[in-house]
Amino acid sequence: MTKPILEVKDLYTIFHTPKGDVSAIEGVSFSINEGEILGVIGESGSGKSVTSLSIMRLLKKGKTTIKPESKILFEGKDLLKLSDSEIRKIRGKEISMIFQDPLTSLNPVYTIGKQIREVLQLHRGLGPKEIDEEMINILKLVGISSPEKRVNQYPHQLSGGMRQRVMIAMALSCHPKLLIADEPTTALDVTIQAQILELIKELRSKLNVSILLITHDMGVIADMADKVAVMYSGKIVESGPVEEIFKDPKHPYTMGLLQSIPRLDLDEKRLNTIGGAIPNPKSRPLGCNFAPRCPHAMEKCKTVEPPLTTFADGRSASCWLHESDSINVSQNQTAGIGGI
Amino acid sequence: GCSSNKPVENVSSNSSEPSGEAETPTTNGGEIIFGTVTETPSLDPFLEAADERSRRTVLMYEGLTWVDEKMQVQPRLAGKWEISEDGKVYTFTLRDDVYFHNGAKMTAEDVKYSYELFLDESFGTGGAGDFTAVDSIEIVDDTTVKFTLKTPYASLLAALGGRYGAVVPKGTYDNGDLKNEAVGTGPFKLVKWTPNNSMVLEKFDQYWSDERGFLDKITIQIVPDENSLLAGIRSGQIDAALLTDSKFYTMIKDNPKLNVERHPALRWTTLDFANNVEPFNDPRVRQAILKGIDKEEVMIAATDGVGSVIGAMPPAFSDWVVPVSGLENQTRDVEGAKKLLAEAGYADGFNMPLRIISSFAWMRPAAEVIASNLSEIGITVDIETVDLGVWIKDWSNYNSPNTFNEWGGFTDPDLLYYRHFRAKPEGGDWRRWNNEEGSKLLDQARVETQQEARQEIYNSFQHLMATEVPSIPLFSPDSIVVSQKHVIDYIHHPSGWWYGLTCAKVQK
Amino acid sequence: MGVYVVKRILSMIPTIIGVSLLVFLLMELIPGSVVEQMLGIEGNNPEAQKKLEEFFGLNEPFYVQYWNWISGVIVGDLGVSWRSGDPILPTLLNAFIITGEMAVFAVIVSVIIGMPFGILAALKPYGIIDNILRVLSLAGVSIPVFFQGTLLILIFSLFFPWAPPVVYQYPWESLSQNLQIMILPAIALGIASSAVVMRMTRSSLLETLGQDFIRTARSKGITETAVIFGHALKNIWISVITAIGLEMGQILGGVVVVEVVFSLPGVGQLIFNSLVQRDFPIVIGGILFVTIIVLIINTMIDLIYKFVDPRIRYD
Amino acid sequence: MLEVELNKSKRIENKKSMIPNWLRTLIKHKTLVVGSFFIFIFFIFTLFPTLFFAKDITIQTNSTLRMLAPSLEHPFGTDHIGRDILSRVIWGTRVSLGISVGAMMLAMIVGGTLGLISGYFGGILDNVIGRIIDVLYSFPSQILGIFIAGILGPSVKNVIIAIAIVFIPVFYRTMRGSVVKEKEREYVEAARSLGMNDTYIMFVHVLRNSIVPVTVQFTVGLAVAIQLEAALGFLGLGVQPPAASWGSILNDGIDYLLFAPWISILPGLFMVLAVFSFNLIGDGLRDLLDPHSEK
Amino acid sequence: MELQQTLIEVKNLTKYFPIKGGLLSRTRGWVKSVDQVSFTIKKGESLGVVGESGCGKSTLGRTLLRLLQPTNGEVYYDGKNIFDLSKDEIRKLRRKMQMIFQDPYSSLNPRMKIGTILEEPLRLYNLGTPEERKKRINDLMEIVGLDSEYLKRFPHELSGGQRQRIGIARALLLNPEFIVCDEAVSALDVSIQSQIINLLQDLQEKFNLTYFFIAHDLSVVKHISDRIAVMYLGEIVELTDKKTLFEQPLHPYTESLLSAIPIANPSIQRNRKRIVLKGDVPNPDNPPSGCRFHTRCPYSQDICRSEKPQFHNINEGNMEESEHFVACHFAKELNLDGIKN
């Protein structure tokens, strides 16, 4: 077994807004092993991006609180306990990130060369000549033709796919151990998405980097991920190896999700739907967040939050339906506390 | 010569000290920076009507005569003259020691040339009106010139040395003009002129008299406004200036570093009626309005108290003036005014338009006071502010409604009254008064060469003004002369022209 | 680029023609003319009036007058003042040196005050400092410059025995006097403009700091200072330069009162006085001059964009 | 400074009970509240001047009461011809605000309509109107105001027109910018696909959504209009005496600044307060409507 | 194969947008958004359109409804060329042709209450008394599955899915026959998306609607359409019924599109061969010569560069097989992969 490179334990993230506190993440726990791709999937607003920003500690200090019991262990270090300068040494070097929209994520007034050079300078302390060499190498690696010319261009002069390649080059330039990719292909056309996904796969095997891949596209998950975590309204409701989840989803939300997408490989007459909509994080229902939309909801679901049930093969789900299926959960576990 | 002219503050009786040198030890020479706010458009002594021009050209040009600061005609380029019995022929004997700034000697030819410019209609000088009585000008000999008139004209002597009185070399206008240069006979000659900035004059060495022209150099410095002028004087950047805004008097009169003097001025302000417009065509209405106005309050509001209330003539005309107390209708009488209005059929009052000119600062407060005064006799004053250009246009086209007016600078009662109050076509009569009695008086005075008789006629005219009220003279703002303590003998002239600089000296 | 500059300059022409036509039209409509003023009340003389009108070409129809004038302008001849007979271009240039100097000083003051405070405010948005600065800047834009000028003059004459020189001195005549004259107007105008610059700096810095590429920069491990001064600031220059340009235009659009208050013989006073005196050629020449200057400033700002913001392409 | 930028959608998140939300918004936008409070007072002055310290007659001059310093009797002192300044300032509120509001309305209607048409139809029409507006816009604003006031002659009505003309380009640009953005939104297309004609869409759909930045411009414009009116008054082109506006009172006192500073300073501060209040409101509105604001 | 009546016939429809620039904003070029497109839509069917961003899908849809004036070509609706109709006639026709938009946030006027938005068209066409209108609106709200309480709300007070239902209700108000759905579900979350897809399908059945269904998501299009048109750079490159298209695509672009879409089933997806296209979609203002796809086509030959392939029915004259239009020089030669179940 490879050891986990990142472990998130009981992450609670709260936004302080003028209209009151919004608790965006409510007890998220997961881990990523070396060289593994963890896919996080969930509908809009379920907390995927906030999770990733919490890991990078990129949320505004005064405006957000991460509960003190939360832990984000990166190679055993708790990122939440690091000082600002310590976390900066990790950002971009040990953990780096790529974002959904490659146009707005690149500084429009600097050449891409300058933006890549900046990371190399900061974290690898190379001389100017070495930096230039390294930069060209990386750009070649991500499949950019004639990189010598490109480095002097500005982001707007590149196409969308190319920009995302630049983002990836920038992210990987210091050989990070973990790459967080927040919907890296959502803004791209399918043909370009295919290019980028192929590139990520290729680089993963070349560089042995672990990836936290955030997406809302089941197809992308199916294509890329080794493990999947399904998020719903600030919580991970189900997680496990990708094949298992697709074959045999445990949580009704995962089931619903899988059944509600039209499939290229199937000929469904009618789609299954999940009724209703995702709850507002300011007024989540009592009990299970999904209960109001759940076709299997019981009385209990509406009042008591289901615990995380762990199954064999590293699978887990938090749903009362599986209360009895649990293999190693202590019987008197109290509601509301999840854990791996 | 340079006689001293006592300021208003200490005018005792009619002080007629003989002209003479100042008693304090002075040295000839020295420089003065004289500050002023307005620039002259050009320097042409014949073609430029602006008062700004006259202020400056009295330093560079001279006429046959001049009117001194006590409003008496004195000889200048003409050493003396004779008037024929019928008052139609004036024979002038010229000085023979006069040189132009270009070095040429002045002759009778030059005098004839200069004054004939007024007789040439195509030349287009604004001074032509003062010389309409002149029939011909002849040279008797090198130093004698004879003016023959169509009718007797008592103010010819004043006109010769007035606003347009200047002698220039013969043929000056044949190939050029005097817009930007000056070739006169005056005590100072133009050295350098940077319009809107400064004008530098220097002493003219060949000047014929040693009673004038003591300074080596005069710099006329244009400053943006009177505030700056004041600031400049206070900080010593400017040696002397003539302020027109009387408010400043209060501010600096006690400044120990400065000489500050108030002088009665030739300028006066009037409320002019459109005398042919209802209800102002009724003398009773005009009288009522005159009775309704508190001239003192108007004067205080407009000049901050630095001026004098007037009856029918500016105070600087000293001997000619019938004092306010001697004129009819001059004290405020609200009841009397109401009665008059009622008699005229306007017991309920009416709306009275009153035009003011935006660039004349005094008009607004004065109008507001008058509006306030007249509201008590039932008249609502509708104040209308117009631009000077609009005002002039309507005025000269006889279209102006009741309006404020400020005018003056005339050095003789005839010049003062005739054009304004003589019915058309002889006079201008812009107020459309068209009064027979008035016109008759003015005609009589014009041909009367006897001083007492003239005085008598003008007295009657002033009484007529007070009862008929074609126009309400309000007040005359005092001129304020400010100078550094080291500037002495600046003798203010009521016209506001800078004759004073020809007398001024610098004390070391 | 060169082509672009030429095109930009050419595109100013219709506006310039429009402005000149408009001034001509307005001058035509405005009652009273120089002729009456020059003739004064003695001017009830149709002969002389006609002569003067002919002399100035006022008897010609509107379009002929316009044509005569514009054909002179094309060869750089703005005509001569009707009152003084001086050629207009040098007169305007002399006056504009003063106005221009004032505007430049004001802008310098405004940037020196406005930018640092704007940055300071944006660092902690809606914090105490920000709120104080916001209210102060609002107060700054709320005091009309002429009133501010009046207060400054009052304060100085009450509490300091110091008064600026009364006569304008060009910098090359006497630099120290020139600076003394300029200091009050520069402060009055600068304070008003600094509020605008500050607000612009603050809001665009805030907006920039909320953008994705800032998150990217932070995720690279760059220090916060470097993020703000390296990444964010370069992006806001555009807005700041725009603000400065607009302020320049604003200042030039409002020079009349300022120059009256501070007794500066600049273009504003010149135009205003000439307008009062109906000295047509100076008014129209002056307005055209100011318009062209404003347009040139706008064009220059446009061109500066090119250097600051590579996103704007010229083709 | 004149142009207001507003952005994109004004989504306001969930909304449950009407009143608390409304109150909460107000409390949050203190500037809006403070500004509105002062403006409310100014409008009370405008409507009922005599309710306050103002005497009925403000034209009565009195040479014995000239330039009295502020006292209980005359809280703001008296002016150069003996009138109570506080009364004049309060009466002047009516004139100054009237002029500013009138001018802004006029400018908004004319400039706004032109901007709406120009932005909605685009093409040659837009080009032509745009050019004309450009010309107005490149005119130095004070000179333009002076010109117009000069042509029309000074009076309340004409000052309104003069200020309005200065502001037409501003409203034109604000409106046009906003319309150009709005008309690209899909609801316009939706309306068209339902067979609505251009005039209807323009006035019913686009206008309704483009008007917001224009209203912000309106309040900010009021602040500038008050200043412009004062500037015109300062140059003697304002209302006709003896009526008073803040600008004209201020102008009255300028000459007496050194010995009776209260004549200018107090009305000036009054004017500044009004301008400040409108700016506060404008700022608050901008904040309220700007989705970028982090509040 | 039953013969359906043709509702819409599109012939050589072309729409170019001018690229303005320069001093006098002269036209300096053209964006060839839709170029010589021809097809028919039968009554009651759903014709799906897929293609990458900027390939002209929306432009085509809007031109079909005469929301844009075409540069060239005709659109016959029930035999009448809609571009020849007078203003009045087109207004009448608008009732039969409606549109549902992509962005539920911007397709509803944010300052109008839902009730007003829905009443407006009825009022405009002077349909019914106020009570009847009210009833009609309430009925429709029920049909799209919303409580009539929402009528009093503003659009921003609704969720995206609810808003999209309002958009649908509005399109249905005037009893249309034909609806263009321009990315009607693309902006929605998957769980909401499925609700809307189902609703659209139900409505089609209930009111016998004809859909022109635009989407960039092939799986959605496949789910809802009978026939599918694949667009590339302003042109339709392939058009046939969905089964054929998915199982036996004839155009290399269709093939790569199919292969690029990840299938939400790891065991299938990980065993698929993926054709990764080179480069990006070229600019529509300067499309490549010959076959527009040749710059990215893995099978391209010399002829592709120089000669434009005909868009033709490969089964022309063959009544057994359904129509299969394609524009490729090698449609018959290449043996392309589809998706096999």
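Labels A, B, C, D and E are assigned to the chains in the order they are written; within every chain, residues are numbered from 1.
Here is the rule we use: contacts are C-beta pairs under 8 Å (C-beta built on N, C-alpha and C of every residue); 3 or more make two chains touch, one makes a residue touch a chain.
Owing to the predicted nature of the structure, the values given are computational and were not obtained by experimental measurement.
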Most widely separated chain from chain E, with each centre as the mean of CA atoms: B
Contact-richer chain pair (by C-beta pairs counted) among A-E and A-C: A-E
Chain centre separation in whole Å, for chain C relative to chain B (CA means): 42
Chain centre separation (chain A, chain B; CA means) in Å: 93
Whole-Å separation of chain centres (CA-atom averages), chain B against chain D: 47
Multi-chain contact residues (two or more partners), chain B: 358-359, 387, 390
In the complex with chain D, residue positions of chain B that touch it: 245, 247, 250-251, 294, 296-297, 300-301, 304, 356, 358-359, 361, 364-365, 367-369, 371-373, 375, 382-387, 390
Chain B-touching residues of chain D, taken from the complex the two chains share: 59-63, 66, 80-81, 150, 153-154, 236-237, 240-242, 252, 255-256, 258-259
Of chain B, residues touching chain C in the complex: 35, 39, 41-42, 49, 121, 124, 126, 129, 179-180, 195-197, 221-225, 227-229, 231-232, 234-235, 237-238, 358-359, 387-393, 395-397, 407, 428, 430
List of chain D residues in touch with chain E within their complex: 9-12, 14-15, 127, 185-187, 189-196, 200, 205, 208-209
Of chain E, residues touching chain A in the complex: 52-53, 159, 161, 189-195, 197-198, 201, 216, 218-220, 222-224, 246, 256-270, 274, 276-277, 280-281, 296, 339, 341
